[in-house]
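Structures given as structure tokens follow.
Across the two complexes that follow, subunit A remains constant while its partner is subunit B and subsequently subunit C.
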Partner chain A sequence: MDKCIACGECAAKCPKKVTDTFNAGLATRKAIYVEYPQAVPLKYAIDAGSCIYLKNGKCGFCAKVCPTKAINFEEKPVSVTLQVGSVVLAPGFSTFDPQKLDTYQYSQYKNVITSLEMERLLSATGPFNGHLVRPSDHREPKKIAWLQCIGSRDINRCDHGYCSSVCCMYAVKEAVIAKEHSAEPLDTAIFYMDMRTYGKEFESYYKRAEEEKGVRFLRTRVHTILEDRNTQDLVLRFVDEDGKLIDERFDMVVLSVGMETSKELAALARRLEIELNADNFAATDCFSPVKTSRDGIYVCGAFQEPKDIPYSVMEASAAACWAEADLAPARGTLTKTKTFPEERQVADEEARIGVFVCNCGTNIGGIVNVPEVAEMAKGLPGVTYVEENLFTCSQDSQEKIKDIIEKKGLNRVVVAACTPRTHEALFQETLRDAGLNKYLFEMANIRNQCSWVHSKEKDAATAKAKDLVRMAVARTRLINSLGQPTISVEPSALVIGGGIAGMTSALGLADQGYQVYLVEKEGQLGGNARALLSTWKGDNVGERLAEMIARVTGHQRIAVHTATSVKASSGFIGNFETVVSGGGGDKVLRHGAVVVATGAEEYKPKEYLSGRDPRVFTHLQLDQAIAAGDPRLDSADTVVFIQCVGSREEERPYCSKVCCTHSIKAAIRFKERKPDSQVFIIYRDIRTYGQREYLYKEAREKGVIFIRYDLDEKPEVSDKGDTLAVVVRDHVLGRKIELHANLLVLAAAIVPRDNETLAQMFKLSCNSDKFFNEAHAKLRPVEFATAGIFLAGMAHYPKPIEESIAQAAAAASRAAVTLSKESITVEGVVSHVQQFMCRACGECERACPFNAIAVQEVEEGLRAAVVKEALCKGCGMCAVACPTGAASVRHFGDRSVLTMVETAFAAEA
Partner chain B sequence: MAEAAILREGKAKKSFLDELREMVPAGNLSLCLTCGLCSSGCPATGLEDMDPRKFLRMLVLGMDEEVLKSDWPWMCTMCQRCVYVCPMKIDIPSMIFNIRASRPRDQRPKGIRNSCDVAVASDTCSAMGTPVEDFKFVVNDVLEEYRAAQPEFADMEAPIDKAGAEFFINQNSREPMTEPDEMVPLWKILHLAKVDWTYGSKAWAAENYCLFLADNESWETLVRKKAAMADELDCKTYLNTE
Partner chain C sequence: MKSDNSRKVQGSVMVVGSGIAGMQTALDLADSGFYVYLVEKSPSIGGVMAQLDKTFPTNDCAM
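Our next item is the complex of A and B:
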């Protein structure tokens, strides 16, 4: 495997075509293959079940053409025994197989496909390069229907009573992308029961899909699909919301299949002796959402419960946090540090450039005349050595480059080959092995940006390759070694917010051995959880919270500061200095990282007589009334819940995520304590995602009645003396229902606190709903764009306890990546300011997205912009904004960039 | 809409749905998600401005009076397309059956009731009251006609009361009485497949309107009569063509 350079010659020659399972069977691949273009490591593998040589002993074309002799037919599977201190399970999920749903004829009708197949159809790396065509005739569809809940929320045709959590959102996404991929207007229709867009920014995406993109949402389900045998079009029969039968023709139907645990995975769980729940997901509890039933074994992702990417990534970091805590004493004991020879000083030397031109097998060499390019390079100023290689990236080429650098005394290297995205780091390491600074390297992209795109115009491609090499060489003469300063790290963290999220982060870091300062504005720890009764799984919140508070206050590495607020902060990753003010006056804390876990609060409704009538409660008020034993609760004959009070409206367009589950849990309690009470839940969509769906089922089973309303006809509440009259139109019969409630419970929205103050102090950003913005929704869900600052809990978005805990442990894990280092090495490509040209106007400071440059007093009476190199990502925004040219980015100064431009347009030498 | 609001006051009262739940304990009658799958597949959707979803909803909301008054349950064909796909496996056909049974017999639809009564009174169990001799005559007459007209089926048989035949096959009365030629395709298939079969001269009728009338006693009487005929002829298998 070490020898494979992923050139693809083997697959090009392999005569055996097999079905490409990664592309959901919609395309073919060869018996030697990489599963997908982003595979890590990017190495070819032989599918032994299909390989002609391995089956019949003949063929072996791949071995003949492989330039690096990487193919070894003798390789056999080997068993390896590893001694480990903890195990993290992240095995993912399988999709439900819709073949057994005979009314949809997935295996018979070609144009009925699964959502996973749709993903491949829409993908640029998919079977049709992202060109949207239907399977039967490869024509562009004009109408596509998505059918939701295929293999989810169903106890009849499959055994999956749970909701798969992700299908609503992916169907909306697929519909929007399909529209974008269509040259002609495309009609898209989603058939659903409840639209479950409960994640951060999901509801607004759903509304945009409907209102701006014109995706149709039909709240009904299709009984049967019939295929027109001549056209392969599909006729769907369904009733509308009034009960009118409709037949509608579509070109394609996408079945939004749910998630499940495969039999193989369930068997693995049994071997590992971890407990699975009734749906074959790993059993966990809400206060330790990634811990399995067996100590030391952790779980993350959809094997725990169906979930989307952001939450899977959070859980992954959470699992790492707890595994790190277990292993804290052993940290670093098995790591090795690579050493490099001391760097040569080249600043005073004349440029001695080596140019290596790669053929990339036939990828470049088959199009571009490489010998001609190499010959041209020999004549360029500063070039002392030129060589062409079949594969410049192969292991033996690295040895050779290192040798030549030393023998020829090269002080700069240009490689003309594929792309720096995949190969720059490799060549830079070779330079360092040869005693050169890694920034003395430059790459000319003559494959991805030349031979691949100009494969039909060989002469023009050769001319362009020469231009690219001339430009790279001209620039290389001007580049220099760059320093990579190191900064020390204070191994402690400030956690702002002492609720469940903040305490979890604090414990996660302290258990790993770091000092934590936990700052809570209120007089006591606990936050919103102090008002909550139980989690949806039934854990007693009060008891678990007390245990958590006891652990935090008793922890020798956690300093708790209650009744304390954050006043000011300065510094950057590894070196923050924060002033907090509490009872004993101001205090300065020095710390290397920050976790923001300031939570959110319940909206105080003005609607539905809230605040004016004592029979109207919010969720938190209800939980507190239950805890206090309010006698009115048990005597109520009729209890009515109204959902989405303050959520999913114009003023507050997001979904508060926890309210459906919370109302249903409370409704069940009323029915259990007094079965002859009438309990109604008036809702817009029931969003009991994942296994919370069983609560919804239990509530219906116990006789709770669910009535759906639309935003344009909200329920009406009026005081009738003994009771509160609630009038709502029934969504099935279209008739008004009048309820006489003794208690009215409002599922009030969860609203952000005043996040602006902290945002300004730490240069953090908030979204339009005023919740904090993470750096990237999927890839960096617990980090801020500003390095060293992390995010957890409801300050990010409304969420239930188990998700707050997972996110908080994830934040601790990510913060520990910084805190575990004695020092941080900063990249050399950072901005710098020539002070004499700076007039301290602050344009750079406003432009910088990373809080890395600021105007300050540099000496008595002199103000200028100063770069915090530790925070700078080298993006160049400051250089663009700077009106005087004082700010610029190292390695990409005006001169070296303009030289490239001039070289490109100069007459060929 | 001038319609009065559905009023729900005070405690939950025992409703008709509670009774039905006791009658159909495995019917999941409370689990409705109001998704509409049943109504999308129901041949009676739209009749009387009603469909299975609306009907079950009326029960859930305790509109017992309107439920019991409605003629819509009598339009159900018992085809089971609803429960086949219902994600909550709600047994709507059993529910409908019990709703029908709850109406006094003399108030049930006259057509269905007469068909049931005629069948119970008839030796042949025919809802059309076809006498034994008529059935024999029609079968033999049609058989002879086809044997003569289609020489390749000259040996074809349509046995009646053939003792010891493998299959006892029943026959909907509508064919011998109004569309006699419609019987022949099945005979041809049985002939070509060399199946050993027979009709009974009595209790040969396939239809059973007493089932649709929700008259359990008469329904059972008819089924027992038919089974007894097959037993009398010592047939091994009763093959229901309905």
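Our next item is the complex of A and C:
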């Protein structure tokens, strides 16, 4: 594998074509292959089940053409025994196979595809390069239908009673993207049962898809698909909301298939002796959502329950957090730190530049005349060595470059190859291995900018490649070594908020050995959980919370500050200084990281007689009344729940995520206590995602009656003396009905707290709903864009206990990455100010997006701009804003940049 | 979850699966001082996310 340079010669010669599973079966690949162009590791693999040589002992073309002799047919699988302290299972899911369902004719009709096939059709690396065509005749479709809940919420046909949680959102996304891909107007229709867009920014995406992009949403189940034999169009038969039978023709149908655990994976779980639940997902409880039934084995992602990317990423870091806590005494015992030889001082030396020109197989060499470029480079001033490589990036080339730097005494290196985005770090490491500072390096991108974009003009591509190499060499003569500042790290954290999330983060860090300051503005720990009765899985919240509080207050490394608020904070990653203000006055805390876990609160409704009639409860009020043994609860004959009170409205467009499950759980309780009572839930969409769906099913079985309403026709509530009258339009009967409730429960929204104050103090941002913004919705869901500050719980978005706990443990894990280091090294390409030229005007301070430069008193009576290197990203905004030229970015000074421009316009050397 | 473990513990972790979750766990562990064995049955890492086109709500390229 080390020898493979991914030139692709083997796959070009391989005679065996097989189904390409990466492209969901829509294309073919060879028996020797890489899954996709950006695959990591980028190494060709042989599919042993298809390879002609491995099956019949004949062929072997790939081995013959391989330029590096990387193919060894004799290699056999070997068993390895590993000693490990923990195991984390992240094996993912399989998509439901719709061949089992004859209704949809997936295996018979070519234009019925799965949602994963749709992803490949839309993808630029897919079988049609992102050109949206239907499989039967490669014609552009004009009408596409998505059918939801294929392999989910269906116990009659597929045995998966759970909701797969992600399909509503991906169907909306695919419909929007498909419209963008189509040259002609494309009609898209999504056939669904409940629209489950419960995540952060999901509801607004759904509304935009409907209102701005014109995606049609039809609340009905398609019962038959018929194919027109001549055109291969598909006719969908369904009953619309008014009860009319409709036949509608589409060019393509996408089946929104759900997630499931494969048989192989279930077998692996049995071998590992971990418990699975009835749906073959790993069994966990809400207070330790990533812990399996076996100590030391953790689980994350869709193997725990169907879930989306952000929540999988949160659980992944949560699993890391708890594994780290288990193994904390052994931290650093098995890892090795790479060491480099001492750097040579080259500042006083004449430039001795080595130029390495890459062919990139035929990628560059097939278009650009590489020998000519290399020959030209030999004549450039400062160049002492030039070499051509088949692949400059291959492992043996690194050895060679290192050797040549040492033998020829090179002090700067230029690689003319591909893009620094992917390869600069590799070559810089080679320089460091050879004792050179990593900044004594420059790349010329003669692949992307020459051979790729000018593939039809070989001479022009070669001329441009020469220009780029001349420019790179000219710049390289002027660049110098750069130091990289290191900053020390205070191994402690400030956790703001003492609810379930904050306490989980605090324990996660303290269990790993770090000091934690836990600040809570109320007089006691616990937050919203103090008012909650049980989780959806039935854990007693009061008991579990008491255990958690006891562990926090008893922990030797957690200092709890209740009735305390954060007053001011300064500093940066590794070195924050925060003033907190509590009963004993102000206190200054020094810490290396911050976790913001300030939570959210229940909306106080003004509608539906809330606050004016004692028979009207919110969720938290109901849970507290149950806990207090309120006798009215058990005597009520009729209980009505109204959903989306304050959520999914103009003023508050997001879904509060937890309310459907909470209402249904409470409704079941009423039915259990008094089976002859009437319990109604008036709702818009029931969003019992994942395995919460079973509660919805149980409620229906127990006789809870669900009545749907639309936003433009909300229920009306009035006081009728003995009862409360609730008038609502029943969508099945098609007319208004009046319910007489003894109790009315409002599923009140979850609203953000005053996040603005903390946002300003720590330079954080909030979204339009006033919840804090994470650094990246998918890949960095627990950290802020500002380094060293992390986010957990409902301050991010409404979520149930298990998700708050996963996110909070994840925040602890991400913070531990910083706290586990004595110091951190920052980039050398940062701004610096020549003080004698600075007139302290402050233009740089205003221009800096990172708060990395500020005017301050540098000595008595002298004010000047000062750069905080730990915060500087080297963007150069200050250098542009500076009127005197005092501020500039290291490594990109005027001289070394302008010389490239001059070289580009000078006559060819 | 407790760290006051007197037995000698191994400073290494095996992560099974290298999709978006497995990679994140592996990175967190390795970045904070633990040796990670990342086990994957297919020839490259990345899992299902690599097969996706774009991701909502930002419509970023999944790759």
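Please note the rule applied: the second predicted complex is superposed on the first by the 851 of 909 C-alpha atoms of A that agree within 3 Å, B and C clash if a C-alpha of one lies under 4 Å from a C-alpha of the other, contacts with A are read in each partner's own complex, and residues count from 1 in each chain.
One rule holds for everything that comes next: contacts are C-beta pairs under 8 Å (C-beta built on N, C-alpha and C of every residue); 3 or more make two chains touch, one makes a residue touch a chain.
Here the structure is a predicted model, which is why all the values come from computation and not from measurement.
Novice: Now for A:220: first (subunit B), second (subunit C), both, or neither, which partner does it touch?
Specialist: first
Novice: Can you tell me whether subunit B or subunit C touches more residues on subunit A?
Specialist: C
Novice: With the two complexes superposed on chain A, say which partner A:128 touches: subunit B (first), subunit C (second), both, or neither.
Specialist: After superposing on A, A:128 lies clear of both subunit B and subunit C.
Novice: Answer with first, second, both or neither: which of subunit B and subunit C does A:90 touch in the superposed model?
Specialist: So A:90 only meets subunit C here.
Novice: Based on the superposed arrangement, let me know which partner A:73 touches: subunit B (first), subunit C (second), both, or neither?
Specialist: Neither: A:73 stays clear of subunit B and subunit C.
Novice: Who does A:694 touch here: subunit B (first), subunit C (second), both, or neither?
Specialist: A:694: touches no partner chain.
Novice: Considering only touches as defined above, state whether A:739 meets subunit B (first), subunit C (second), both or neither.
Specialist: First partner only.
Novice: Which subunit A residues are contacted by subunit C in one complex and by subunit B in the other?
Specialist: On subunit A, no residue contacts both subunit B in one structure and subunit C in the other.
Novice: Which of the residues in subunit A end up touching subunit B in this complex?
Specialist: Residues 103, 149, 153-157, 193, 219-224, 237-239, 241, 243-245, 637-638, 675-678, 680, 697, 700-703, 705-706, 708, 723, 727, 730-740 of subunit A touch subunit B in their complex.
Novice: Enumerate the contact residues on subunit B facing subunit A in the complex.
Specialist: On the subunit B side, the touching residues are 1, 3, 5-12, 30-37, 39-41, 45-46, 49-51, 53-54, 57-58, 60-61, 81, 83-89.
Novice: In the complex formed with subunit C, which residues of subunit A make contact?
Specialist: Going through subunit A, the ones touching subunit C are 22, 24, 33-36, 38-43, 45, 82-93, 116, 119-120, 122-126, 130, 169-170, 172-174, 176-177, 201-202, 204-205, 268, 288, 300-303, 309, 312-313, 315-317, 319-335, 507, 511-513, 777-779, 813-814, 816-817, 820.
Novice: Contact residues on subunit C for subunit A in the complex?
Specialist: Residues in contact with subunit A: 1-3, 5, 8-25, 28-35, 37, 42-60, 63.
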